Each structure stands twice: as structure tokens, then as C-alpha cells.
Amino acid sequence: MIEALRELARRLLAEERVRVVIGYGQSSPQGPVHPLFITRAEDAEQLVWNRQCFSNLTAYLTRKDVRALGPAAVVVKGCDERTITVLEKEAQLERERVFVVGMVCEGMGDPGLPKCQVCDRHRPRLADETLGEAVDREVPALERYAALEAFLARPAEQRMAYWQEELARCVKCYACRQVCPLCYCERCIVDKNRPAVIDTSATLKGNFAWHITRAFHLAGRCVACGECARVCPVGIDLTLLNQSLARAAEEAYGFRAGEDPRVEPLVGSWSPQDREDFIR
Amino acid sequence: MTAPPVSADPATAPNLYLPDLMEVLEVQQHTADTKSVRLRFRNEIAAKRFSFRVGQFGIFSAFGSGEATFNICSSSTWKDYIEFCFRRTGMVTDALWEVDKDDTIGFRGPYGNGYPMEKWRRKHLIFLGGGIAMPPIRCAIWYALEHRDEYGEITIIYGARSTKDLVFADDLARWAQYDGVQVIRCVDPGGETPDWDGEVGFVPEVLKRADVRSDNSVALVVGPPIMIKLTMPLLTRMGLVDRDIYTSLESRMKCGVGKCGRCNCGPVYLCKEGPVFTLEQLKALPNDY
Amino acid sequence: MSQNNGFDPKIIAYVCNWCTYLGADLAGTNRLEYPASVRIIRLPCTGRIDFHLIVKAFESGADAVLVSGCHPGDCHYTAGNFHARRRWTLFRALLDVLGIEMDRIHFTWISAAEGRKWQEVVTEITEKTKALGPYRAYRRICEGGA
Amino acid sequence: MSHAIRKEALRALVGSWLAEGKRVAGPVAVGPGRVLYQPLVSPERLLLDGFIRTVNSIKAFVFPRHEELYAYRFRGRQVELIDAPLPEEEQIVIGARPCDAAALPVLDHVFRWGTPDRSYERRRELTTVVTLACREYDDHCFCTSLDSGPRDERGSDVLLVEIDEETYEVVWLTSKGKDLFVRHTERADRKGTIGTGPKRKFDAAALERFLAENFESPVWETFALRCLGCGACAYDCPTCHCFDIVDEGDRHGGMRVRNWDSCQFALFTLHASGHNPRTAQAQRIRQRIYHKFRIYPDKFGDTLCTGCGNCSRGCPVHLGIRPVLEAISALERKPQSAPPKTP
Amino acid sequence: MARIGVFVCWCGENIARHVDVEAVASGAATLPGVRTALSYKYMCSEPGQALIRRKIAEEGLDAVVVSACSPHMHLRTFRRAAEGAGVNPYRVEMANIREHCSWVHHDRGEATAKAADLVRMAVAKARLDRPLEPICVPVARRVMVVGGGVAGIQAALDVADAGHQVVLLEREPSIGGKMAGLSETFPTLDCSQCILTPRMVEAAQHPNITLHTYSEVEAVEGFVGNFRVTVRKRARYIDVDRCTGCGQCWNSCPSKKNPSEFDYRLGQRTAIYIPFPQAVPARPVIDKDACIKLTKGKCGLCAKRCEAQAVKFDDEDRLVVEEVGAVVVATGYRLYDPRTPAAADGISGYGEYGYGKYADVIDSLQFERLASASGPTAGEIRRPSDGAVPKSIVFVSCVGSRDPAKGLSYCSKVCCMYNAKHAMLYRHKVHDGAAHVFYMDVRAGGKNYDEFVRRAIEQDGARYHRGRVSKITEREGKLIVRGVDTLAGEAITVEADMVVLAAAIRPAEGVERLAQKLGVGYDAFGFLSESHPKLRPVETNAAGVFVCGACQGPKDIPESVAQASAAAAKVLALFSRDELSRDPEIASVNELTCAACFACERSCPYGAVERAELRNGRGEFLKRTARINPGLCMGCGTCVAVCPSKSVDLDGYSETQVYAMLKSLT
């Protein structure tokens, strides 16, 4: 599989179908795996593929300096590829300028990440070329949201207490934002100050406002790649927030972000039949 | 080895960031988006303690919105008030735009090195300014005019995008009244009006055209990066040496006292070792400002 | 729950200009009395009301928030309230997981003809909020510091 | 002969400090494999081994991420200023890593440069740092490459060095530190010993040479594509100290506060005019390296880095300083060769 | 610094009784930006307005806050007053301390405190009001009337006679609408076609009217004064310009057994046909599903017979764009379908009446055709099943109407009248026939209406039973109608040869889609919403779009015609202006920070967001951005809410203003 990947990268670069291949690299065999940008065919052997390839590389597709390189190929896992659909819907990339290399994935990490436990996209579906063989396991929605369910089982006061303790640790390093493939705004709303929408201070107030905003801006968009939580230096489990929205979208509108390129984005579309049991 | 003993006793040391409260004496609007404000210390003692060198800057507070850095554009010889000039570009300047006579704003400073007016004595002075960069020149001009006999001929070339963008137009007129002072106002091509009696063209061109005395001269050039870039070589060609060509750098600053790391540029912290540099020093700086 | 009678709740109401605002006007015209707890912020349409406004309301010390606009189909701008409805559905899920007290956030459709409903709604949420007491949890967040 | 303390005795001592109402902070596990310096509520939560390094640093205890500078009240058209109260509470940081403690004297330079920063000074006075010499290290550690090491004493008031499973040697370095421990240690005939720490990863001298010439160099581009431009490296760093000043308040008044900031953010240097001297991530990475390894040393004689490796450890894409410095010293070893084409 | 004047109104006792207006004023005087604050008995009175104007002059005010009644009441008044004194009208705010305060809070302390808050909020907002200028847009003096029924025809003729161009759109092959199919009309019993046909012809021949039959609205762009309506002209398979309407084609068409839409399936027509003899235009269409040539490829007789060679089997739908300044919607109604099960829209039927099951249970429009001289039975009342003359007919009122259980709660308004008419017509034609009418109430409001009903009962012997029909079954060719007579308080059963259901009136098929295209609101039943039920009955909330006839609610002919003329009058008023000024409180994009995700575009109800490119002075491409078309934006602000980077803002309700108002409450 890894050889196939390197071969494909070589080909794409040699045939000048793309100018850069965004993949995974590793400085030393036991060292951590990190994003890697291959611009010369002969460097393709630096690419790696193993259970440490956590990053969702599609985050780089919208970056100015990466775009400047020209057409790109990006290595994606089943969970990552959905962002491409969303980005396309939101006019952030021209699908034809991106060559999507899908990697069949048995799960990342050892033991696999929580998201991998309930993964139903071991094999990418939207890729231009997919490497590896595996079958998908349909995961019932309930199972996908088991962690959320468990959390929601706690009484509201406890949930509030939990977040007060967790968010108290947030230092506003914005790793969650920077790593998110769908946080592509040129000027993040938290940096807006005429008027200031969110306190920039890493206080509970500012942190609640920030994390509510970050999560809600992903409503109907988040594809649950889980990068925001993975990279949080102080270990705040942001996936709970994202999931609450994802589940609401699935429950209320049968919508899963990035799932179907033909479906219009959730926010910004509507139906007269939309539920409103909470509106008096 | 452990840390050296603390230099000052924090118990008695003043709070670096605590501003003085200033009373707004007067607000003057210059263009659609620039105003200058005249301030007086509300606290007598602070007023007496205070002194500054032209070219230094202050950090001004609109309480509730924050602080912003501006050059003190009045002359250090004017004792009972200071002035600063700002363009409306952000949250703080939005708030400053709202201030009116008798309102209160905060002031910290003076900060920075300022102009070596003593070193400039007995020299001809060339002031070149563009747009909103007039204030940092204005303070020096007034200083020089207040010590008229200590300085040689004075040439002032000030350019703005259009006639509507000239700040301190009234000062320009008054300066022209002084002996040995040449004031050349110019606007970018297209920025003139039918009744415009100044020059038309960019500052560097106008400088080329103008008859400016360049022997035994120092020049102060303040303006947008592009203008500085184009003007400096002309001055060199006119025979000025790098250490006689001065400029004042704009920078994003927060603390003003060399701590917040914001204004760091290569080896220097602009807030403490700047903002005034000679071309000589500028050439030594990395291109990071 | 205690009937904190000493406490008069601060309730921010974001209402649309064409239905609920006029509904409240009608309540006035008909002299329908209700508690003086609500402060209305008039916006053109519920479509304009974003989640930040709800957060901001709590940040500015609101004990409850009311969001109200035209009934589905009646929107002055045809679809603003449909857009809003979808966002609210999602936003409530987020607030719920955060443990925000959901009975401090109220959504209603009140038409220009429903002065009585406006009266009922305001009276009801005022009582409810009184019963709940001040929104201490969010105050704590705002004063929590770092 | 040396002073020693048994581990459970140490824990008990911590308990007694807490009982006295002292503010005590130390490493605490906040999640799987994630340890942070946190205020301690009970001695049991204190974590002394089983991890390489905390994610954050102890700088937060002398330079909080959010700090009131003073308050203001509106009085009609007048304003009343209320100076922020000076910190009063003594605090003890226990189980600090040497690379954390060593950062404090380095930070002193800038906070004392010219006019001293009052609250910083005060907190420094009130803080006693009890450091635990490192027995373990990982790929990210590079203290030894910066003439520091697993038992660097800089910035510590007390240094604990493990003698065996049960005991630490207690080396007090300041009277403050001695006072804390003097009546609680026992005599021991053995001294604590630890290894030499991580192998040198680059040559500081070579780095110096490189920085002298290469402000403009393709090497800065090398990692720019990968860098996401977040502030994790700066906020996890024991020496990064950039800050922002903002107002927070309502219509009656409010506070002027200072918050941590990072030179890695695109807007960090954005001027009011719209001009931004550092528009590219490469320039921002360069600035961080220069500030730490050239500007700061030139000004204050100390490198603004203790080799803790946190910037790499906490980096979403495992970047941070070390890979950059390694790349540089690789260049220096064979100066003529071009930097690696592929980032 | 803003220079704001605050003017607190007593409204006589209305406000002053419960609010300490003096306290409110003196409190306001201390607010930042306020230069003067005073109270007065009646601010809206001429002296009150004069006071405002004087203070503006004296204090050099640049913004005004009037603390009085609802802005819906007097904002215009005070804007005009302030403008008169040189203050930009969009820098005038109102604090509603009457409707929202003094009238609803009677505790003086509380009311005063709230009033003070409301004023503080208004001042905070006024400080940040930008001076705005109304947006001026030209008016295309050309109207499109959608729907060629009697209402549409009337509106079209009125506008056309006034000298303006009209585009008349009709979905069916001929104009005329429902009225063309009616027999006689109440209360005068004059022949429907006799009065309508001349108007149809007049419309068709009017030099100012362009007729699009067999056509529908495909898409609508633009805004009041400047609509671009794309019309889909369905394939007719006939070259209308060549066709002379001679009739050779339909007389020769072999496919004859197609149910006639015009006769509501009671009659038959050929595959190439005109819906009815007086159709306008008198040009046939080919039913492509019935035509043998189009289905099987054979035949083509009509083409052979057509001397004008007007038949073209390769015809296709065509899209034409009409540019108009206003649109009149007159799409009329359809009848409620009394069948079960429930339709998609949740409107269920009356299975127990056997409509669709028993051939002789028909609806009222079908009966109109039976009674019409041009109908399938040439005006003789014969029942569909066997063509026999029914000896007794039961007319059932309120089938669907006034029955929330079936999903329709409203009264269809015209049924009572036409039931009486039907009973009458039947008795006139079948003298020995028995006419039974089951009714809930008889609603005969209107000139000569009640008299008409009484005539039916008293002179023509219609038998009225007050009560609902519970069930209709069939036994030996007879319909057994079971019901109750609530007056007699007994169950009654009538043996009938035919049953006529007065099915409820519902808006025409697909009117919701049209409404969405036009940006017009509609109620739960699909009837279009007027701007104001009393004062703006033919206007809608979409500027430049007007409604008339049954699309707005059940109506009879005179009402529809009256409303049509009203709509025409509104159109003419609009056309009397060279340009329109529109409210400038609209959205705008900060193009530098816009991330070009176009969430705004997706959520804009008016398609006012455009995808644009930002270029520098030298025309070099900088970035993509969203841009608001000020002509289209109606200022709802939905874009502001969905913009993740808050790069869109809305004048008059800007982010800064809303936050400032919140802050003013801290």
C-alpha cells in the first residue's frame, strides 16, 4: 500500500498533474508522523502510511501558501475526505484542482481512536484513486454518538460544572481552529473587534464564548475528524460539542456533513416541515 | 546560580501600565477620518513631572476600548498641553473619534527615543512627510521654529493623496510665514481641485523638482513605506549621508516599555530603541518592520 | 423551588419587527398588563438573530432570553424564520450539551394579531425565571476569570 | 552527606503546606497521558513521575495568561482608575522540571529591563520553586544542546534529585527554599544521581554562526507550509512572554488586562495602517527563532529557550523549535549544500 | 461625539400616568452623547415637532431619540420632522415607552425604570446610526398579471386602458379561468360566459396587452420596478401565428375520447383541441399524452388537414424573459378534493361521501358544467352515470370548509350562494325534481344575496336541511344520503339520484412555489398574504407584487373584480413615478474579511448576494468576495446571522448597535 502510494505520488508529480503531494512523513522510524509536502517526484519515498497518520491533511488545501504551489494531491482517510465535499460546497476549492488520494484505513492509533471504533468509512468513497482493500461497516447512529449519550446522561448542572472545569484550562492557543479544515476564514470572528464578538481573554467567559462559537460555526459542517480535540494541548474533549450538533443534524434533518455532494449545506437551506417542537 | 536580586521594590514601584488621566481641551477634525486632540493632565503633580522630547510617542487610552500608540505631535516646548493626531482605523480610534471637549482619556509615556534636536542644531532641515505621517514631523517643525535661530533653512515637503487628505493645513500656512522656511504642499495626480495652489505629484518627484538646500542638512522622512523607499535614495544623491537621514517607524505596540514583544524588529525593540532611526541604522536592521 | 419574590429577572427579548414587535404593540393597545421584566431589542427578522446574541445576552447578565418572530409562512421576508428555526434547533443541542439551563431560553412565534399571546408568554417566562432565580451559573462563568 | 526526604514524607509535607493555606501547584494528570501544572487541591493528585514533562510551563505562576493591570470606572465624563492590588499569596511550585525553573531567571531580564514589571516581580518573590531533576527524557528534549541539563539549578529554590525508589536528595539553593524543607529532611549518606540527559541534538555555536548571516534564507520556508500558525508552541513554552493588552467591561467601567499572545499569529504585527511586516508564516517562524537565539541573547546574555521541547511536544504537527534547529545545524555542517527541498 | 437630543413624550396621560417622564428625561440627559433631553405633552403634535426642530437647530443635534409610542406609529413622523431640521432621518430612533411600557405596566416605579432602560437603549443605538440616503431605482412601466381569470383580465384591462404595457400570463390554453365554465351567476342569474367572453376578447385584442397562454412563471429575478420574469411557454405543437383557428384539425382528430379538463371530466375532447368554443386565443393545443402522432408516431391527420400548416409536432417548451416593474398575482382557486386519503399537505377528504366512487356524486363546478348551455349536456341536467335526468338532487354545503378536522378551518364564502343558485337552476330545468340542501348556516351577506337565497327556498322550493351529511351510500342506482336535521333534531335520509358537493375553495395548484419565487408570504392554507388585512389588502410584503381574486382568499366574482381594479390602481400609482426610493437599511459586506463561503448567498431570500472579485487599483485580482446588490436587498439580515466571520452587517441594526444596546442594559 505504501509503495502504491509513493508510486502514485511519483506519477502525479512526474506527469505534472499536481505540483505538490500533501501526505505523511516521519523524521525517524519511531518519531512522530507529521504532514509532509512532496514537490519533487524523487522525494516521494519520504511518504509514509501507518497507524500514526492522524492529521486531516485537507486542512492545508485552503491555505494561501499551499494553493500558491498549484494543483495539489492530498492523502485522505475515509473520515477526512468529507471535508472536501464541504469545502467544495462552500466554494473553497475547485474539486478538479485537487487530486484526492484515498487510503483505506483500519483505524489510527493503537488502540484505535474513539472515532475509529465507530468508523463507517474505512474505505474512502470520494477519492480520485483509492489504495487498499477493505469493506465498510455500517455503524448505527446511536453507536456513533454513544460517548455523547453517556455524557448527556449526566444532569445539566454536572455538565455545566464539567465544562467550567475543562474550559478553565483553555489558553486560547487556537490549535483547534488552526487545525480544522473548515476553519478557513481570512479573519476569524474572534479577531474581530469592531465590535468585539468574543472576549479574546482566556477567561471562562471568553473561553465559553469561543468554544460555543467554534462549535456552532461547524454546525452541519463538522465531519468529525476529531482533529480539534486531538491537538488540544490541555486535553479538552471538543468532540462532545461537535457531536451534539452532528447528532442534532442527523436526528432532525437526516443530514450528515460531507456525506453526499448533492445535498445542499444544512445551514442556509430549510423546509417548511422542519421540526419546531421547542417553539411555542 | 539563581536570579539576581530584584532591582526595584515592587511594593513601592509604580504600575507601569497605569496611565495618567487627561482632560480633552480641544478636538480638531482634519479630514474625513483624522482628528487631533489637545490634552491636559488632570493631575497637577503629574503635569509638573512630565516632560518629553519631540519624536517620542505616547500610549493613549479610550477606556472601555483600549490603548493605541501615537506620536506626540505637539512641540515639547509647549508646556500646558500635549497633542496627538489619529486616523480612524480600528476599535480604539473609533472610540477616540467620539471624544469631545471635557472628556477623559488616558495617557502613558513619553516612550521611545525621539529626535536628536540638539544634534541638528546649526543645520539646514528638510522635512518630508506623507499623508497621516505629518504629525511626527509637525512636532519637530514646531520645535525648530520655536528655536528658529538655532537652525538653518527649513524645507517642508508634505504630500497627501488629495487636497481632502491634508492634515494640519492651517499649520502649513503658518509655517510658510517664517523666514527661511519653504513649505511645499503636494497632492497625488488626480487629487487636486481646480483651486489647488500647491504642487501636483508624489513627494519624491516634487523633491526632485524642488530647489532644496542639501549641504550641511539633515532630513526627516516620515510616510508610507513606499514613499520612504523612494525618497531615501534621492536624499543620498543630494549628498546627505545616511546618518543625517532620519525616519520614524510605525509599529504595532502594546506595552511601550519593551516587554510585550510586539514591536521587536531584529535586535531592537522599536518602543524603547526607536521609533526614530537614521538611514544608517535602518540599513542595519533586518527587513522586518 | 423558591419563589424568589425579591428578585426581578432581567429578560432580553429579540423580536422581529413585523410580527412579534407588532404583537407587543397590540398588547399595549389592548392594555394587556404583564410584568416589566422584558427588554425588547427590535430586529428586522428572526433571520437576523444569531446565536451570538443569545450568548451576549447572558454575558450581559440576562436571566432569560426570548426569541420571537412571525409564524412559519408569515415571514415578512418569506423565509427568515425558516432559516432561524433550523439554526435554533441545532444551537439548542449545543447549549444542552454545555449544560446551559434550557428553560432560560424561549422561542415563540407571535403574530401581529397575538397581543394576548405576547402577554401570556412574557408573564409565563417571567414567572418561570423568577422560580429559577438569577442565572448564577453564567454569572460565575463571566466572573470566573482565568 | 546530604539532605534527603522520603517520597511519602514529601507528599505529607505538601499536604501540610496546603493545610496551612499555602497556594501549592504541581504536575497533575488531566487526562490520558496529559499532565499539567495545576494548583493542587490535595497532595494525592500531585504527580512526581511516570511522565516526561507537563504540557504547560510554570511561567503561568509568575506571568498569568490573564492578568488585571488596573480597573477603571466611568464617573460622568471623568474616569476613576483603581490600581490592581499587588499579589499577596505565597505560592510553592513543586515538581517543576529544571527546564521550567531555568526559564524564570531568563524571563527576569525582560520583565526588569529598564522599568521593572511590578506584578511579575512580586510574583517572583512570592514563588518558591521546588524542582525535580529529570531521570527520563524523550526525543523532544534538547536541554543538553543549550548547555543546560537534567539537573540545571537555575531558577530553582530547591532541587530534588532521586536517590532511590523511596527517597529524594534535597538540595536547597536559596534561603527561601531552605526554610521550606530544613526541618523536614533527614541526613542521608548517598547523593541523588541522574543520567546525562538527552544526547546533544545540534550545535549551539553553529546555530549562532548561521543566524548571524541567514536572516534571509530558504530554510525559513522549509517548515512554513507545515506550520498551522497556532499559538500552542508559545503558550506551552516556559520562556515565551509576548502579551496583549485589552479592555473588558460594561457601561459602568471595567478592567484593563493583559493576555498571553503569540508571534505565530498572523495578526500579531498587523499595523493600524493595514501594513503587516510579517505576512508569511515563514517570517513568523524566523522571528520566533531569532528572538530566542539571537535577539534575546544579544540583549540580555541568555538564550530565550531552555530546551524543554514543549513546543514540539505540544505542536499539532510536531514542529516546534527542535526540527528547525536540527535542519539549521545540518546546513551548517555542510554549509555549501542547499536546504532540503522538501519540507 | 454624537450630539443627541432626547425627547420624551407624555402622550397626554397615556404615558405620563404610569411613567415619570420628567425623571426619564433628566436621566437621559446624563447619557454619553446626549446634549439635551426634555419632555413634552404631545411630541407628535405640530408644536411638539416644532420643539424638536428648534432644539436641533439650537443644540446642533445630529441625532434624535423620541421616547414615545411605537415606531410603527410615528417613526416616519419624527424622521420627517428631524429631516426638516437637517438631521439625517436614519439618525432618528424611537423608544417605545407607550405600547411597550406605560400601557402594559401600571406600577409607576417599574414602568419608569423600564422606560429609562428603553431610552438608554435607543440612545446607545442612535449614537451608532450612520446617516443614510434612500436608494433610488428606476421603474419599468410594464406589469405582469399572473392568471387569466376574471380577476386577471380585469386587472390587465384596467392597466392597459391607462396606457401601460401588460403581460397577461395564463397556465391553461385559454384565458377565462373558472368563470368561463360557470353557468349563470348569482344573484342576477345572468349568463357567465355572456359577460366574460367579450372581456376575454378585449384583453386578447388590446394593443397594450401581450398574452402568454399555456405558460407559467419559471423564475423571477429583480425587485420592485425592475423584475425579470422568465416565462415558460409550454409546447403547444401549434404555430399560433399561422393558425387561423378554423377547426379542421380538431374535427379530424381520431383521438376523441379524452376527458375534458374544462368540463371537469364530464365531457370529452380530442387530442388536438381548444378547451371550449369561445376559447381565447381560439388556437388549439395538442395533448401530447393523447396525440397518436406524438405517442405512437403514426397519424398526423391534423397536420395534413391544416391548410395553414400550423401544426408542428417538434414544438418544444420555450423560455421568454419579460421585464416588468410590477406583478399582479391572480392565480385564483381550485376545488378541494373530497376524496380520502389525506393529500400530501395533510388535507384529508370525505371518503364517506363516495366522491370518485359513485359517478353521480359530483362537485359544484361539475354541476356548473351540467347546467351550462355550452356544457357536455348542452345545459340539460343529466347525471353522469347513465345520462338520466335526476329526479332528486342533494346539495351538500361545507364539504371541507369550516372543518378543522379536515385541515380547512375557513369558510369558502361562495358556496351558500351557489348552492341556492344550483337548487334554483335545477328546479327551473327539472320542475318535478326535488332539491335538497344540507347546510351548516346560510351566509348570504351581500347586495340582494339573502333575497336570492330566500327566493330559492320560497319560490323555487329548495328544501333546506340544517345539518351535516354523515354518509352517502348507493342502493339500486339510488344514492342514500344520511344526515341530521339539527333543527328538527332528527336523523334524516334522502334518496337522491345525484349529489353535489360544495367542496371548499383552495388556492390554485402550485401557488406556494410561485409565492416563493416572488417572495410573497402565504398562510397555512396557501392563500397569499396581503400586507395588511384592512389597510393594504392588495399589496404584499414583496414590494411591487400585488394580489387580487381568490388566490388571496375565497371570493365571489364582484369581489374579485373589485380587488382586481384595486390592484390595478396600485400598479398605476407605482407607475406614476419615474423612480422609486427604497429603504437604505440594507446589508453590506466587508470584502476584505469575507471568506467567500457564500453562506449569505444560500440564505438570502432575495438572491441579493452576488459572487464578486476584489481587485486592487491596478485591477489585479486580490480575492473572491460576496457582494450585496443594494437593489435586491430588503434588509432582513439573515446574511448577517449566518456569516461566520461576521463580514456582513446591516445598517440600522448593525452588530455594533445591537451590542451597544445590550451593553446599555448592564
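The chains carry the letters A, B, C, D and E, assigned in the order they are written, with residues numbered from 1 in each.
Methods note: contacts are C-beta pairs under 8 Å (C-beta built on N, C-alpha and C of every residue); 3 or more make two chains touch, one makes a residue touch a chain.
None of these values were measured; they are calculated from a predicted model.
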Length of the shortest touching-chain route, subunit A through to subunit D: 1
Partner chains shared by subunit D and subunit E (touch criterion as defined above): A, B, C
Chain whose average C-alpha position is farthest from subunit B's own: E
Chain pair showing more contacts of the two, C-E and A-B: C-E
Distance between chain centroids, defined by C-alpha means - subunit A, subunit E (Å): 46
Distance between chain centroids, defined by C-alpha means - subunit B, subunit D (Å): 37
Interchain centroid distance [CA atoms averaged], subunit B/subunit E, Å: 65
Multi-chain contact residues (two or more partners), subunit D: 65-66, 244, 246, 250
Multi-partner residues of subunit B (at least 2 other chains): 90, 103
Overlap residues in subunit E, where contacts from two or more other chains coincide: 603, 642, 659, 663, 666
Chain pairs that touch, as defined at the top of this document: A-B, A-C, A-D, A-E, B-D, B-E, C-D, C-E, D-E
Complex contacts: residues of subunit A adjacent to subunit B: 193-196
Interfacial residue positions of subunit D with respect to subunit A in the complex: 30-31, 34, 36, 55-56, 65-66, 139, 224-226, 228-232, 234-236, 244, 246, 248, 257, 259-260, 262, 265, 267, 280-281, 314, 316-319, 323, 341-343
Of subunit E, residues touching subunit B in the complex: 1-2, 33, 127
Subunit A residues within the subunit C interface of the complex: 148, 151-152, 156-164, 168, 197, 201-205, 208-209, 212-213, 215-216, 219-220, 240-241, 243-245, 247-249, 252-253, 266-272, 274-276, 278-280
Subunit D residues within the subunit C interface of the complex: 64-66, 250
